Structure formats: structure tokens, C-alpha cells
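Note that the chains take the letters A, B, C, D, E and F in the order they are written out, and that residue 1 is the start of every chain.
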Amino acid sequence: MLDRAAYIGGCDGVSTVLGAESLAERHSGTMPHSLALILGDTVKAAQSFDKRLPSEVPRIVLVDTFGDEKVESLRVAQALGKRLHGVRLDTPSSRRGDIRKIVEELRWELDLRGFQHVRIYVSGGLDEPQVAALEDILDGFGIGTSLSNAPVLDFAADIVEIEGKPIAKKGKFSGRKQALRCEKGHPVKPIPWVARSPGACPLCGAKVFGVLQTLLKNGKLLDALPSPQAIRKYVLSQLPAFAL
Amino acid sequence: MLDRAAYIGGCDGVSTVLGAESLAERHSGTMPHSLALILGDTVKAAQSFDKRLPSEVPRIVLVDTFGDEKVESLRVAQALGKRLHGVRLDTPSSRRGDIRKIVEELRWELDLRGFQHVRIYVSGGLDEPQVAALEDILDGFGIGTSLSNAPVLDFAADIVEIEGKPIAKKGKFSGRKQALRCEKGHPVKPIPWVARSPGACPLCGAKVFGVLQTLLKNGKLLDALPSPQAIRKYVLSQLPAFAL
Amino acid sequence: MLDRAAYIGGCDGVSTVLGAESLAERHSGTMPHSLALILGDTVKAAQSFDKRLPSEVPRIVLVDTFGDEKVESLRVAQALGKRLHGVRLDTPSSRRGDIRKIVEELRWELDLRGFQHVRIYVSGGLDEPQVAALEDILDGFGIGTSLSNAPVLDFAADIVEIEGKPIAKKGKFSGRKQALRCEKGHPVKPIPWVARSPGACPLCGAKVFGVLQTLLKNGKLLDALPSPQAIRKYVLSQLPAFAL
Amino acid sequence: MLDRAAYIGGCDGVSTVLGAESLAERHSGTMPHSLALILGDTVKAAQSFDKRLPSEVPRIVLVDTFGDEKVESLRVAQALGKRLHGVRLDTPSSRRGDIRKIVEELRWELDLRGFQHVRIYVSGGLDEPQVAALEDILDGFGIGTSLSNAPVLDFAADIVEIEGKPIAKKGKFSGRKQALRCEKGHPVKPIPWVARSPGACPLCGAKVFGVLQTLLKNGKLLDALPSPQAIRKYVLSQLPAFAL
Amino acid sequence: MLDRAAYIGGCDGVSTVLGAESLAERHSGTMPHSLALILGDTVKAAQSFDKRLPSEVPRIVLVDTFGDEKVESLRVAQALGKRLHGVRLDTPSSRRGDIRKIVEELRWELDLRGFQHVRIYVSGGLDEPQVAALEDILDGFGIGTSLSNAPVLDFAADIVEIEGKPIAKKGKFSGRKQALRCEKGHPVKPIPWVARSPGACPLCGAKVFGVLQTLLKNGKLLDALPSPQAIRKYVLSQLPAFAL
Amino acid sequence: MLDRAAYIGGCDGVSTVLGAESLAERHSGTMPHSLALILGDTVKAAQSFDKRLPSEVPRIVLVDTFGDEKVESLRVAQALGKRLHGVRLDTPSSRRGDIRKIVEELRWELDLRGFQHVRIYVSGGLDEPQVAALEDILDGFGIGTSLSNAPVLDFAADIVEIEGKPIAKKGKFSGRKQALRCEKGHPVKPIPWVARSPGACPLCGAKVFGVLQTLLKNGKLLDALPSPQAIRKYVLSQLPAFAL
């Protein structure tokens, strides 16, 4: 469920096998810490990963297991050369004084030695502001915790109409309503069901249409639901309407 | 799941039929808004509720549907008299300027007319600080939203020992550990598995014991899990250790 | 005195008989709470008010005495129909969680049932920011407390010139001065009485003139003072100069 | 009216002739700035004041007119010697960087030269926190502006009972009430008029009594009102009950 | 050292004899407080200063020793007339409630009496924000304390390259670097020494050049260092590049 | 000068040769980063340091040059065993997310492997609050920047007495004074020189004495100045009087 929500919300890929299957996508990821811990050295782990995995899997090596991210990255780059796709910094919080400075220093050192092709990924407890603050110097992010839950949306299933007559508890707007959106995706206030015309979008002037559809009838689904790929595409197409 | 978590966390009862069954408890609750909306009047709804429900169900009447909580409560109290167990204020936020003052006023008016036996309950978007601020003047609370989710606990399943040798990623304490608690419930820092004695609780001096138990062996549960009632009792017995 | 100050400061009307007489205006107002309290019901009070008052008095009915503003307003609107000029919400602070939402909900319910002609007024402890925050959805305001006093203007009657010679306590500018204002109403710093030309307004470049006039001579008023209506008109004409 | 309110609130004296007469007290005060401005020098003004005023008037000389408070005070002290009762600093705000330091410096300089008997008074825009912050080093204060107005007490004359039956608008406690205070002056919550016993003070346990008295009957005052001196004494006797 | 740093940083002059000599400038300043204290009066001190000092020294008189700045300034202006160049307010903090108001009042009083030529200087614990807040109404400032120290610049002399091979401690960028600035003075990030072209300024597009020069060779200075006057000129020419 | 100030202020030792000589103390310190950079490996650097330095120099090894502090410390501890006195963490700020957690983890790992004797030192931009927050888990600190400057003490050399007569600028207390301190080191307000008795300490009641001494007479030093060791001892003996 988490993988599906992350994917249709716009993430590029998911890492669990089951989640990827449910989306009809391939799972993706990087070398795990356990490989380095078992082999006892980051370079040995990188070489073993490089030797045994299918060639279409990009070689992304974790560089925060034993040593400093800078030194380990340079050792791995020298060992794998052009075959190294990228390094991933899962730096623990106790060592993460200024992750931006660490990435800038790493980029400098890689470039100075001719490893401009090595990409840098960061993971580990990143949230929205951190991603926004780092995206100009990074090639990708691995996000877990901050995608694994969401704030509760407080709602109630209130009665607003009885046998065609609008009636509601105080504090609720009575009567059946049309839920509206404009063609450019802006939210529009609902209007009574009986209102003749939904008018134009107060924000952009575009045409407004009702979004309520009958999906179930007598307990039967009337139509196939869209694929995760279609939902994700729709979400991404709507994002510009929510930008500041 | 939500009902179970709320119950073992200390709540007195739950309102869904399924949740109560899973706990082997009776579900409990009050008159719903829909009854008043369908019958068109709070007093009629209260009388209908009173007439048809088994006598062991406490008569708790919602008084925020149509009118003001004070006027509706007095009307209901005059209609049901001694049979009225309590009133419930689910006042919407737009009318909730100072819920404490509303309750104090309602208590005054009920008492002034001889309805000292009528209890007052409040529900609707209450959180911990609000419950703490109102508990001295109320007889109970109905809590929904703020119990229906919990903040994510960020954790990782790290390797800390390989074939008896402590080894861990930087940022993690290596080696198998004993998880400890003192007899009075205070949390105690973990120590290495091989350490001889867990010592005494640094907070209260009580005896410390390891809390790790083998629950599964070869995929089989070794023992029956405790009942929700037993877990709830244990939780409540531990609460004093967490008070300030 | 308060009515006069409120009126010349721009208010549309005043409610006390004495205050209105001193201004040569008609007092105005709405149904009082006492009418509903004595008759025991808001609709009865509205009907009695409607039956007995001269037809030129607008029917504005208080809807916060016993019930919720929404329910009471709909009952009154159904009883008086087209003769209902408006409803007034004097909602007490303990029930005023979000007065804007209450008004929006009330507007929705009135419109839904064809009562678009019913105006909505709010009173009760409103101050400047609240009026500014509500004026787009309301038809008028009843203001009391926040007009019934004003912050003290700290001033002293200091000697600044003795027999034509400027002399003043330290901390005061010595010498007789010209008090100035520009033709568009902007305040202009005073200059010495003997200064030849007051120059142009530093804010807008308009002509500047001295505002000091001799009103009393040998204890006699030289001219009739302007009427409250004239002062109010002058105040309103100056307001644009103080807008941000 | 202002003088009376200040006096019964605990002030030691008032400075206007009319205010003092209405209290059957003597007005009191110090040399004005105008005397120094007309005579052109603080010492000349002090000597003139000393020469012409009745001997029972304390010689308190304003020392902020022309020069620095320190230098002027020393000049006046040398001129009047033992006859100088005190100096008053009405230092304007533009020169009042740290009035406490000015007073400490002045006290030092007066004491160093043998003028320990000269008292120091401060006036000019002082409010409660400033008085509290200075009272340990000063002999008295002259207060004007901060006593010349008071915040509005928001109240309404609501109907709470009709022909013996409690009834009130929502938001108001219905029924006639006893207003209570404990014998030590603590405020106590009102109780219904018909309640049998007011009980003991919840703060200190002292006896509680009703404070409502019939003062007017058929338009006639039943008893003489207390003198300002008696009211002031009562106020001062109650102050300890309001201390933190 | 302090005088030199202040001068090359843009100050107009310095007041110590030694500091001025080291800069090959004339020291400058005003009458000291000791002159007024010894002669016992500000006007006597001003007249003595005027009588004995070479005519090219501007007559700037301290007016805060004994009396108020306003009264003393007028006395001095009347005594010295056209020969008075300016007055200096070294008002102590305990008398400095609003130095801007004191200066405005003083300017008013001087102008009112025909002393438009008298300049006003302020000294005494001024810092950058105070200078910025007063510069529109003053003719100059005397700055001491806030120029007599500077925040520590934290730096370390790290090894970044050994025998032509870049190597550095983690946290430091390795390799010899070019320090760059653009022709308009903007700071530009350093680049590796071996990089071919420094490119253009990212802020303004101007040409970028390396600023490192060989000053010492075999322990010998290769060129004469610039004069303080040249450094100061260079500093002032760069200031616009740092403005917001 | 900096070393002397740090030493007499209570530091245990200084690291520059010249500073130590001026104090007649031995300089002390740890292995530098350059040693590890030149030899290319922390363990090699530690072994070389151990092999060549006199045995009385404690072996304190820098562990932040190339790798993570935890991994490097364990490698060094295994290489030097009992001869390792301690490790020093000069962790750069970009890697210093939570230095307390790093030290706790390091202590855990060292203890787990039997290296309880290895001390942990931290250096690098530490200030007073950081030292206070870490002192319970550390064996020592290396402090540089925050000891290399001090806030300016604003003072002026004012004339306060001329030929035995107290006279001072406004804002200054006139007259020669006794500077006082109580026997327990508390600061006591100065009193006039001619005052008979300094009285007792207002804070603790101890005896008060004057601290002014004649050190120079006719340009000659009357007595030898105390040694840095004596001053440091005096400072440390006074510290308790300044504790909260």
C-alpha cells in the first residue's frame, strides 16, 4: 500500500518486490549495508556486487558503512571506474552536521580526479524541506520514513439531505452538492446540486465541471479503475496548479 | 485495529461493533445525529431512543444538532427526567468559542433546576491538551480523530553482530544487547548481551531485568499471547512511572 | 458624547434616543434580547415586533437568544418572508468559534431556500481587525465597547515663548509655531511662526496651509461651530489621505 | 472625578484645587516649570519659591528645566541648604536613557556633599512597572497620564430572570444570584440566590458573605455613602488579598 | 594598529598622535571633557580653546559635560558666533533616551536663532545600526569602542596537497586552488589550480582573475606594500560591490 | 599572550612552545593531522608517533583524518593496545551532527572490546555551552578559537576629582573611590574614598576590604608581580564565588 501511494504520488520507483509487482513495475535499489558488513569492506562489497549482478542493474554503492563518505567514494571510484553508476550516502544523523557541505566536498573530490560521471544519491530521514534544499546538487533521493505515513484528514459522513429536503446539523452546509474542479485543476467551492451552472474558475477563469461520478451501482463496479501509471500521470499533470 | 489499540492504551470502551467483538467487550456509545435529523427534533429523538432501547443502555443524548447546547439540554432533561443519564456536546468548531465556558454554563443551568444527576460528555476533535484542560468539569470524552493515527516511530533493522562478532555500520552500537526495564517500569539503557549484571535502575534504584523473550521458535508460537484486558491492565499499571 | 464621537467619526447611525437627538438624527437599532426572553421564543418575538412597529422600521431580528443562529434564522425567515429585512447575530464569545464560518453557513442556508434578500448583521465585542476581516460577507455591524473609550493622548501645555522670546524646557521645541496640513489632508511638521513660507507637502507635493484659527476672542465665540453632519463629512473626505 | 478615583485607589494626595476640595483634602504639589522659565534660572526660581510660600509647604524643586538633573540639584541644594525638602525629576523621555542610573548618581552626589536629607521624586509618564522598578531608591512619584483613564470593562445588563423564573440568553448564567466575597477580600464565584449557604472561601477557607445591599428604595438613598477617606482605607485594607 | 585599521577601512581621520603619524596623516579631534571640568564651565572652556588653538583647527565644542545639550549649545553658539564650527554630543547612556530627538531639537533651536552654520556631531558607544539611523541628521560621528575589536575569523592552515597530489583531511577540499575575484569586486568560489579558465563572475558576468600573488621569495619582499591611502582608496572603491 | 591568558584563566596546559616557555610550563598536545596525511594512514601515523616520541609523552591519536571516528579508534586501539593513552576527535562541523552521540557510541565500542583505558578528547570550535554539555562523558577538551579573543570591555578614563574636590561629567559618579571586594570574592559597590568603613558584604556578610594597591611609585615597580601559577591558583580559588 505504501509503495503504491508513493508511486502514484510521483516517486520514480519503489524498492520492495511485492510493491513493485502490484504496480507492474520493476523494483529498484542499491547495495545494502549488510553486504559491506558481511564482507568487511566497502570496496570488496562493491566489487562483489559488480561481479555478480546483471549488467542492467546500475552500480550504486553505499559509502557510509565504515569510513568517511569522501574517502570511501574515492576508493570505490578507483576500483570500479566507469562501471560505477553512483554512490549513496545514508549518513547517520550523528555524522550529518551539514549534508550539503559533505555532498559539495564529495563532488569536488570526484571531479578533481576525473569521476564526473559518478552520481550522488542521499537517503536517510529526508523530508520535504531537506529534499528541496538539496535537489540542485544531487542526482536522486531515497525516501522511506517521511512517505510511510500521512497526517489524518479529519472528516465526518454527515447527513445533509433527507428525502430531497436539505437538513443538516448546525455547523454543516445542508443539501446535496456538486463537487467542482476547473479544467486546470484548481479547487472550486461546491455549489447546491440544483444550481444551474457551475460558472468559471474564480482563480483562472477556466471552465468548471462536476467531478462526482457513479462508480458503483447495485454493488457492482461500473467501469475498470485506472492503472497506477495512469493515476501517476494524472497527478503529475495536476501539480503545476498547486505551485505557489 | 484502531479500537484495539485505543482499548489496550487505556480507553474505557469502543463504539464499533467489530472492534468490540475483537476485544470480547460490549460496544458502547450515544444517540447519533441522524436520529435527530430524521425525527426533526432533539426531544423527539431522545424520547424515541428512550422508548426503544434496552434499559441497560445509558440514555446519553446529543444536544448540538439543531439548537444551543444549553436550551436543548434543559428540554431533554425536562422530557426524560431521572432516566436521562447524560448529554453529549459534539459542538462544531465554528460554535466552539470556549467549550469550558459552555460546559460551566450548562452545569449551572442543570443544577439550578435540580438535574444534578445529568452527566456531561464532550466529543469532537479533542486532543490530549484539551482533555487535560477539561477533565475537572466533565464526566467523559468521546475521542476519534486524535486516536486514529500515531506518529511514525523511525527505526531500522540493522545488523549489529555477525557470527558472534560485534560489527555495525557507523552510527549504530555494535553487538547483541540486553533490553532492560526496572521493576517499576522505568526505561533503562541497553547493555551488551555478555555483560554480567544489569545493575539497578538509575532513576529509582529498583531491580532491573531483561525484557527479551523467545516468542517464536521454528515458526511456532511458544505461548498464548495475553488478552487485551491483561495488556490494558499492564499499561495502566505502568503509567505512574511515566508521570512527571 | 460617545454617540456624537462615533457619528462624526463615520458611523452610519446611533442607537440611543438622547445621542440621536443631540445629532438631529433618528436613532436606529434592532429587536432586543429582552423581547425574545419575555415572549419565550424568537419567532413569536419577531412576529410581535413585525406586527406592532411602524412599517418604516426595518425588521432586523436577533437570532442568537435561544437556539443556533442557522436554525433560528430559517424559522424567522419562513415566518416573516419578504418583510424580514435582516437577522442580527450577537453570538456570545463562548459560542463564537469561527464567526466567519457561521455567517457563510447561514448565507448558504438562506440562499438555498430563496431568502437572498435577508441581510446579515453581526454585533458583540467587534474591534477594527474583526470588522475588516468580515466586511466582505456582511451587510453591517453593531459596535459598542470598542467605540466607548479611546487611548489617552499624552500631552502637556508647555510654555515655549515668553514675551516674544523663544524659551522652553529641555525636551521641548521652543518658540510659537505654525501647525500645518496639506490640502490633501497629510500631516506636515510644524515650523516657526516667523518662517516665511510653509512650502509644499513632503508626501504629495500639494500646497500647505496653517490650520490655527482664532475661535474665541475676549471669551466670545467668533463663529458658529460646524454641525455634526458637516464634521462627519469632513472626516470621511480626509480618510483616503490616511490609507496605506 | 480623576482626582477622586486616584485618591480612593490609594494615592497619597492630589494636585488640583477642585479635586482636593471635593475630597476635603489639601491639594499638594511642587514648583512648576513655568516659574523657572519666567525667572530664567532654576536656582532663582527655587529661591523665589522658598521666599514667598507659606513655611508649611515643602520645598520641592524641579531640576530638569534647563540643565542636567545632577548639576541643577547640587546648585539648588547649596542655595537652599536644610530648607530644601526634595528635588523632582520630570526628565523628558528623550533624555531618559536610564532613570534608575540618574537617580543613583544623584543620590551619590547629594550624599557625598552632605545633603542626605534631600528627597528625590520622579514624575513624567510613569506606569505601574516603572514605579515598581524604582520604588526602592525614590521617595515619591508624581503620576498623571497613567491614572487619567482606565481600560473599558466590557459588561451587559442582561435579563436573567422573569417573574421568579430563571431565563437567559445562551451564553449567560440564568437566575438571580448572590455576589460573594470572603472576609479576607478574596473574590468568590456567585451562587444562585436561593442557595442555602455560601460556604467557605476556596482560596483561604475564611467565611464568605453576600455583598449586595439595597442602597436605593423608591428612588431614595437609604443610607449616607462612605467618605472618600473611608473608601480609601477600605481599598488599602483589601490590597494584601490581591498580592501574589 | 587600531587607528590604521579604522583608516584603511574608510574612516575620515584618527585622533591619536601616534596613529596619525603612522599613517602620515594629521590627527584630529575636539575639545576634551577635562578642559571643561578644569575650567568649571563649558563656555569658558570653549573660549579658552578658541583663544589658544591655531586657527586651522575647527572649533568643535563638547556640550554634554555639565548641562543639557540644548542649553549648553546655545550658550556656546552665542559666545563664539561664526567661529564655532560645531558641537559634539557625547551624551552618556543614562541621559540618552532618544538621541535622534535630542539632535532634532538642537537643530531646531540653533536654526531658530540663526546658527545654521553650527554642525552637530555625536559620539559615545555608537555602532553600525545607530550610525545608519542617524546619518541623515548629523554632520559626523566619533567612533571608538565598536572599532576597537573585531569578531574572530575562524581558520585553520590545513595541508591539502602533498608533492603534487591532492590529499586533505575529511571536511576539507583537497588540492591547490586559485583564489578568484571578479573585476567588479564580487567574491567568486575557488577552483582547482590546474583548471584551465576561471570563467565569468556568476553574479555580474564580469571577468574573473586570480588574486594570489608572490609577495615573499627566499624571505625577501619582492615589492613595496601599498600606502594606507592607497589601501583605503581601494577599499572604498570596492564597497558598492557589497551593497545589497 | 593568548596562552598566558588561557593558563591564568584556569586551562590545564598550552600547546605553543613560546607560550609554554613564557609560563615556565611544558607545552603539551597530540599527534597532528599532517602526520596522518603524510603517512597516508592513521594507524601508520600512530605507530610512527609511538615509536619515536619520548615515553613520557602520552599517546593521543587523532582519529578524524580519513575515516570514521569509531572505526579508526578501534584500529588504533588494536594496534597500540595498552600504550594508547587516548583518541582525539577533531571532527569537522560538516560531520558533527551530534558529537555527544558519536562519543557515546565510541565509548561503547571501546569498552565492548576491552579498551576501557583509552581516553576520549574532543576539539574543534568548542565554546562554553558545548564544553558544559559534554564534560560528563569526556576526558578533556582542546580549545582554540573561543579562547583567542574576548569581548571589549567598554571603559573611559574620566576625571572625577580635581585638587581634592569631587567633580565629574554628568553620567559619572564624582570623587575618588575605594574599590572593594569581600573576603569570599564577591563584588561590592565602590564607596567614597573618605568613607570611614566599608561595612560587610551585602551578599554573604563577610568582611570587605579595599583592593587598590600602589604598584608603581615614581615610575618604579614597588614589588615583584605574582607568577602565572600564583595568579591561576587565585583565579581558581575565586571561581566558587561566581557560581550560580
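Going forward, a contact is a pair of C-beta atoms (placed from the backbone, for glycine too) under 8 Å apart; a residue touches a chain by one contact, two chains touch by 3 or more.
Predicted, not measured: the structure shown is a model, and the values here were computed from it.
On residue numbers, the C-E interface is repeated by B-D, which shares over half of its contact pairs, out of the options A-F, C-D or B-D. Of all chains, the one whose Cα centroid sits at the greatest distance from that of chain E is B. Chain C has its Cα centroid 54 Å from the Cα centroid of chain A. For the pair chain C and chain F, the distance between C-alpha centroids works out to 67 Å. Among the residues of chain E, those in touch with two or more other chains are 66-68, 71, 92-95, 105, 170-172.
Inter-chain contacts, as defined above, occur between A-B, A-C, A-E, A-F, B-C, B-D, B-F, C-D, C-E, D-E, D-F, E-F. Those residues of chain C whose C-beta lies close enough to touch chain E in the complex are 166, 170-175, 192. Of all residues in chain E, only 66-68, 71, 92-99, 101-102, 105 touch chain D in the complex they form.
Here chain E touches chain C in the complex through residues 68, 70-71, 105, 108-109, 112-113, going by the rule given at the top. For chain F in complex with chain E, the residues that touch the partner chain are 33-34, 36-38, 40, 64-67, 91-95, 125, 145, 148-149, 151-152, 154, 158-159, 162, 167-172.
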